[in-house]
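Structure provided below as structure tokens; questions to follow.
Naming follows writing order (A, B, C, D and E), and every chain is counted from residue 1.
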Amino acid sequence: MAKKKPTHKRQSIRHIKTGKSPGTVTYLGNRGGVKSLVNIMEYNKQDIKESTIDVYEPSNFNKIIEHKVSLSTSWINVIGISDEKFIENLGNSLSLNPLTTEDVVNTHQRPKIDEYDHYIFGSFKMLYVDENSELVTEHLAMVLMENTVLVFQELQEDVFNSVRERARHKTGRIRTKNADYLFFALLDAIIDNYFVVLENVNQKIDYLEEEIYDNPSPKTAHAIQDLKKEILRIRRYIYPVKELISKLMDTEHALISDDTKLFLRDTMDHCTEINESLNIFREMSMSLMEMYMSNMSNKMNEVMKVLTIMASIFIPLTFIVGVYGMNFEHIPELKYPNGYFYVWGLMIVIFIGMLFYFKNKRWL
Amino acid sequence: MAKKKPTHKRQSIRHIKTGKSPGTVTYLGNRGGVKSLVNIMEYNKQDIKESTIDVYEPSNFNKIIEHKVSLSTSWINVIGISDEKFIENLGNSLSLNPLTTEDVVNTHQRPKIDEYDHYIFGSFKMLYVDENSELVTEHLAMVLMENTVLVFQELQEDVFNSVRERARHKTGRIRTKNADYLFFALLDAIIDNYFVVLENVNQKIDYLEEEIYDNPSPKTAHAIQDLKKEILRIRRYIYPVKELISKLMDTEHALISDDTKLFLRDTMDHCTEINESLNIFREMSMSLMEMYMSNMSNKMNEVMKVLTIMASIFIPLTFIVGVYGMNFEHIPELKYPNGYFYVWGLMIVIFIGMLFYFKNKRWL
Amino acid sequence: MAKKKPTHKRQSIRHIKTGKSPGTVTYLGNRGGVKSLVNIMEYNKQDIKESTIDVYEPSNFNKIIEHKVSLSTSWINVIGISDEKFIENLGNSLSLNPLTTEDVVNTHQRPKIDEYDHYIFGSFKMLYVDENSELVTEHLAMVLMENTVLVFQELQEDVFNSVRERARHKTGRIRTKNADYLFFALLDAIIDNYFVVLENVNQKIDYLEEEIYDNPSPKTAHAIQDLKKEILRIRRYIYPVKELISKLMDTEHALISDDTKLFLRDTMDHCTEINESLNIFREMSMSLMEMYMSNMSNKMNEVMKVLTIMASIFIPLTFIVGVYGMNFEHIPELKYPNGYFYVWGLMIVIFIGMLFYFKNKRWL
Amino acid sequence: MAKKKPTHKRQSIRHIKTGKSPGTVTYLGNRGGVKSLVNIMEYNKQDIKESTIDVYEPSNFNKIIEHKVSLSTSWINVIGISDEKFIENLGNSLSLNPLTTEDVVNTHQRPKIDEYDHYIFGSFKMLYVDENSELVTEHLAMVLMENTVLVFQELQEDVFNSVRERARHKTGRIRTKNADYLFFALLDAIIDNYFVVLENVNQKIDYLEEEIYDNPSPKTAHAIQDLKKEILRIRRYIYPVKELISKLMDTEHALISDDTKLFLRDTMDHCTEINESLNIFREMSMSLMEMYMSNMSNKMNEVMKVLTIMASIFIPLTFIVGVYGMNFEHIPELKYPNGYFYVWGLMIVIFIGMLFYFKNKRWL
Amino acid sequence: MAKKKPTHKRQSIRHIKTGKSPGTVTYLGNRGGVKSLVNIMEYNKQDIKESTIDVYEPSNFNKIIEHKVSLSTSWINVIGISDEKFIENLGNSLSLNPLTTEDVVNTHQRPKIDEYDHYIFGSFKMLYVDENSELVTEHLAMVLMENTVLVFQELQEDVFNSVRERARHKTGRIRTKNADYLFFALLDAIIDNYFVVLENVNQKIDYLEEEIYDNPSPKTAHAIQDLKKEILRIRRYIYPVKELISKLMDTEHALISDDTKLFLRDTMDHCTEINESLNIFREMSMSLMEMYMSNMSNKMNEVMKVLTIMASIFIPLTFIVGVYGMNFEHIPELKYPNGYFYVWGLMIVIFIGMLFYFKNKRWL
């Protein structure tokens, strides 16, 4: 029951969008109803300035726009994207294409990179494992403009703290570079976190493998199926990224310098490694079900052996005692003084013979 | 029995066509025998005019043709394509290639885009879920000409209401654009609806998964197989669309403006997402059968355990009581005053021992 | 036994060929020993002339060759290709390359198109379903020359009657076109028939599906395997055709006009559809075996449940009656006046308890 | 045990090579220790001369070299390649690259074609079925030089007798052609023999299929697995050949004439056919195991049915006779004069009822 | 338990890196805490000089750098890469890009080749089987510079002894060649060792196959799964190498001479062979589980047959003796003087009949 609800929800959300004109800004996520918040980090080789702006004061709104024209590099970080009105205004002020603004809030958007004349738009999924070892998926949109990187994220939490730290240290390489390096650094941070997610998947596979050997239950099959689906989902978010990085490396857009492309080559390698891991995990998750089935088969064999041994030993013996339970008037053996003990002797011989037989078949 | 009939029907319909000269207009669908109906929507920035025309009055027929030469954009919507004669006339009047007219009524046509000198022809499948949650497939043909989009559909119902609504609002972007944007908007509406169909499939997968865990029956296996076939069928209708959009984006045909190609890029992204979903659904439907088999295996194990436990406990006990049912003249135990109770004691010990044994094996 | 014979035969036939010089005319089929027969249909816009020629009269032989130089379009149809001598002579007279003549009679030839300076050679498989619903495979070779199409077929029966009919009607488009259109029309007729063959396969799949649900037997598994092999075989004959058509469309050979290429584009679409169907059938035939296995599993479960229920109910009861069949001198219950009925009561309680237990487990 | 030895051997042989400098001539096969033998066939349109040379006489050695410069075409056939010294000398005398000479004796070499300035080197596997229906694999190296084809083979037996026969007949096309045609003819003979090998595989598949239906045993599963491995091995030897032929057809090396390329096109078709067969065999061998499993399942079902029927019929009957074996003092039925016959009546009714029940379930 | 620890470790090690700036030198391996050691081998046609340097003496450090400028070829072999500080210094002194230095110590690096202006960087995995038949994986980084090859390895043990031997012999080809040939020779030695690793895998497959036939146990299934994972892991290390070699062959970097590219063509062939083997092993490992399942099925069948035979024979017999154990007052047979023997006769007939029945079914 509970399982089906999210699906219904997702459908209705999709329905909101079906039929709307392209370029309509419609938030599709389930983290709505919160006000947006903007963090700005502005830096050059010498200085760094961080500020948080209440965007609902008109004067402040213009401050965001101004950053675009300053000489130093600005990182404008918008947290919370469910306020469609605000996002649309911001997009218009920065002269983003309506299709871009639509994608900023489209949390179902597949990872993509779109190049426009004066900016490059990228949409990605931040994946991270929260304190409960649950996988969190967060939609992220980034716009690289002259001197400015605009980041839209759904939640306060993100994977960018390491980038912030490096920017705050005057000696960090990031301080000597332009906005395109910042764009790369953020992308790199996202992709670095994919490794952590993959390790989490790897642990789950190891754990399930142990469970299959030690104590498989129908719940294990359930968990394998859930893992398979999780891998398919992660794959969907992560797999296209490699192609996008490759697209960025081949671009001739003026905003990406050759220097940054060298760093992207490294990121590209990471993506290749990640995609290979995903393929391996997929194969391994398929093997898990096979293992589970073979284990079920083993257990069944064991059960059947117990039954067969018990039945094969006692059914003939029961037959023998049945014979001497018959009420015929003339059964000569019944008259033997030691008949009873002879029968016991016979039965013990049969019993031991059977044990040897099964021992021989390695069923015992 | 009932299942095989549609197949027979389909075959005979195909047979109608086998052997005919290419370019022969032959309706292959099963929604025949109805008169065609034409809705016309004509608009420009200022005005919009909607009308329904009875095409079987000769004077009216020419009205359709005239629309082609007016300055405003016309959307000529033909409903019902089983009247081969009418379709052929219309095609000739608009100087469509006979091969095009043939494809207009060929409901078995795979999705395709064909470019001719003065028009672009597209054939697609409208898929939507009706009120009974049944999937409806409707053949659709579209012709983009100068100032005009010609649409042929089988049934009254379609997925274009949202486009109509947007056209009726003076502020809609569609009113400021040319016929190629209308063509795109209709295509976009079709593809948007594919998402709804996919969600429907997704729900079925979720539902079957629950059924497999809770109460699998041979009917479940049946339903899994049907789902697999439905996914294969949907895939067949939807999968080629991505390539067609890509073809449209790369075309140098004068009828498609660069502006519209930007919107097509977005549609292209949707197609990629849809095709990925289809692949995921395919994998998941294959996993379902695996799950079902593993569940069958679990149930079998459970059945066997019950049998084995019952048999293993009572067969030895039955043997014991058999022993003392023998009629030997000299069975010393039978003479013991408490022999009967000793035997009960022995049997209870065996019984409890067996329980411990199976408890230990985790079969209980 | 009977099954292996054709294989042996096929091997020995292949052996005939192994080691021969390339270009040697060797008939490999199993429809040998018949005299060849030639039907000629000669037509232009005004006239049509049909004749059957006994090629074993020398004067007639030259008549065939003469057709090549007449102005009207000739369709020379050779029926029966096991007379290697005649085929070789004909090939030489028409200056065909020896490799071509070899392929004309090589019934094991994979579909192919070879272009030579003054002709285009094509080898295909005609597939059709005969009156016994058996699939018939017939090797077919076609040569497109200036004004002439030369067709070689193994049997009288073919799929070209519709083309003949259309040629006999003065208004048929075929009469206004050249030999390349005839070549296309024949190809189109062959491919149209593939649809009928595929529908036949589709029906077999439907039929097997029903059999699996209703009454699976080892014979069903046999039939599934046979179907798989049939699909693999059909696939082998049909799959390469798409690529060949595409080759024809891209050719710059003078014998194929641009007009005909437009028609080939349509045929190409059909091939794509056919190949998609073949892939779907392949997947479905693989699912069939899965279904069969799951059904076997279901049946086994059912059998085991019956056994388990019977055994679980009666084994304990038999134990109880065994207890009171013991011959101890002091069994107090035996003395009770109603002891017998008490035992019956106890047994009925156990019986009903068991029924409830199994009902609860949904085994009943 | 015996099975693992060849593996060890193969490993140690590989070990011989590991660490050696590239270009070192090291024989890796297991047909070592024999002296090499050289057959020479020299022919032109008019004459043909065959000779066998003892290469261990120095004067003879030069004779081999001289052949290269004569005007007629020479086929130098070296039999036995385990004499590394001799092969190295021969290679040097004919100015072959050391890497070529290494490959001549490297029996583990994957099929390949390498082009050098003055010669073309090819390495293939001759596969044939010997009189015991065992598959024999023989390493073969061929060098095409001006006027000369140099062939290295491991054993006396080969697949070239048909080529020799054709060369001996003055009218054979081969006599009118150059060395490149001889090279092609040998290649063609090798590939022709692949068909025989494939037919052998096909027969094994047919045979196993019958065995699965008629009398499957664990040995059958073993045979299926062996067949799978054989197909994988053959595939490894044969599959790359197609690509090599295609490379030969596209080469611009002066040694291959356009005329010969036309013949290669034919060989290419054969390779395509062979590779398709290999793929089909692979699929069929995978189906075999599925069939085997389904058959096991059927047999298990049959066994279980026998058990269930026997147990279900006799367990209740045994319970009934047990009831009247109880020793209660007051069992009214025991006193009935016909009680015994009534009980028999009841039991017969139950027996027949059971038979009907199982008949109804189609278990009988 | 023990199994999960390495995973945890790996994760934490990865965590060390997550968030660090790209180009940071961080050792990720588990062979840390050892001082680095440098072996230098310097040679030209005439001389060879080998030395081991304690790099922690400042004067020595410069010696390493000097080697780069000498005229002879230097092979600088750094053993132990966990001293991040030293590696970073060395990298800087030789003006390696920081990204290169990072990759030198990144033991998780996927095999790669990066070209820079004045050097070519390669990262590979050395795989070898140690004395306990355990697979050892060692990270290896190689830098090809003018006159110098710089090698970084984790452990003392490596696969380069054969190269060292060849360099020490004055006649070795390696002495006459430049640094690029040395680079090739090292690569070739690594790849040669992959064959040994593959043979080890092959033996494991053979061994498991035997175990499956002779004595399968749940541990066998475990071993199959482990083998599958090992193959996936080896594949990950080895598979990309082919592409890298191909990249090297196509490079136009001045450091790689055409002469060396000819040798690389040979290495390329080896890589193709290795990758084919890997694919075959993957298929075979998948077949193993299938075999295991079919064997389980066979064993189950055997168990069930024993049970069914025992039960089918003795259950009816037990019923018969039960009949004559009934206490009816009037059971005529009981009075027959030879009744007891008649019953035995009947039972023996049934017994033998049953044996024939099962013999007939081939269950015995």
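Quick notes on this one:
Just so we're on the same page, contacts are C-beta pairs under 8 Å (C-beta built on N, C-alpha and C of every residue); 3 or more make two chains touch, one makes a residue touch a chain.
Listed by chain with UniProt protein names: A, B, C, D, E = Magnesium transport protein CorA.
None of the values given here were measured: they were computed from a predicted structure.
Shared contact partners of chain A and chain B: not a single chain qualifies. These two copies of the sequence, chain D and chain E, are related by a rotation of 70 degrees on CA atoms, to the nearest 5.
For the pair chain A and chain D, the distance between C-alpha centroids works out to 44 Å. Averaging C-alpha coordinates per chain places the centre of chain A 27 Å away from that of chain E. Across the assembly, chain D contributes 293, 297, 300, 304, 307, 311, 315, 318, 322, 325-327, 331 as residues in contact with two or more other chains.
Passing around the ring starting with chain A, then chain E, and so on, the chain order reads A, E, D, C, B.
Chain D contributes residues 3-4, 7-8, 10-11, 14-15, 17-23, 99, 108-110, 112, 114, 215, 218, 221-222, 225, 228-229, 232, 236, 289, 292-293, 296-297, 299-300, 303-304, 306-307, 310-311, 314-315, 317-318, 321-322, 324-327, 331, 333-340, 343 to its touches with chain E in the complex. For chain D in complex with chain C, the touching residues are 161-163, 165-166, 172-174, 185, 188-189, 192-193, 195-196, 199, 202-203, 206-207, 209-210, 213, 262-263, 265-267, 269, 272-273, 276, 280, 283-284, 287, 290-291, 293-295, 297-298, 300-301, 304-305, 307-308, 311-312, 315-316, 318-319, 322-323, 325-332, 362-363.
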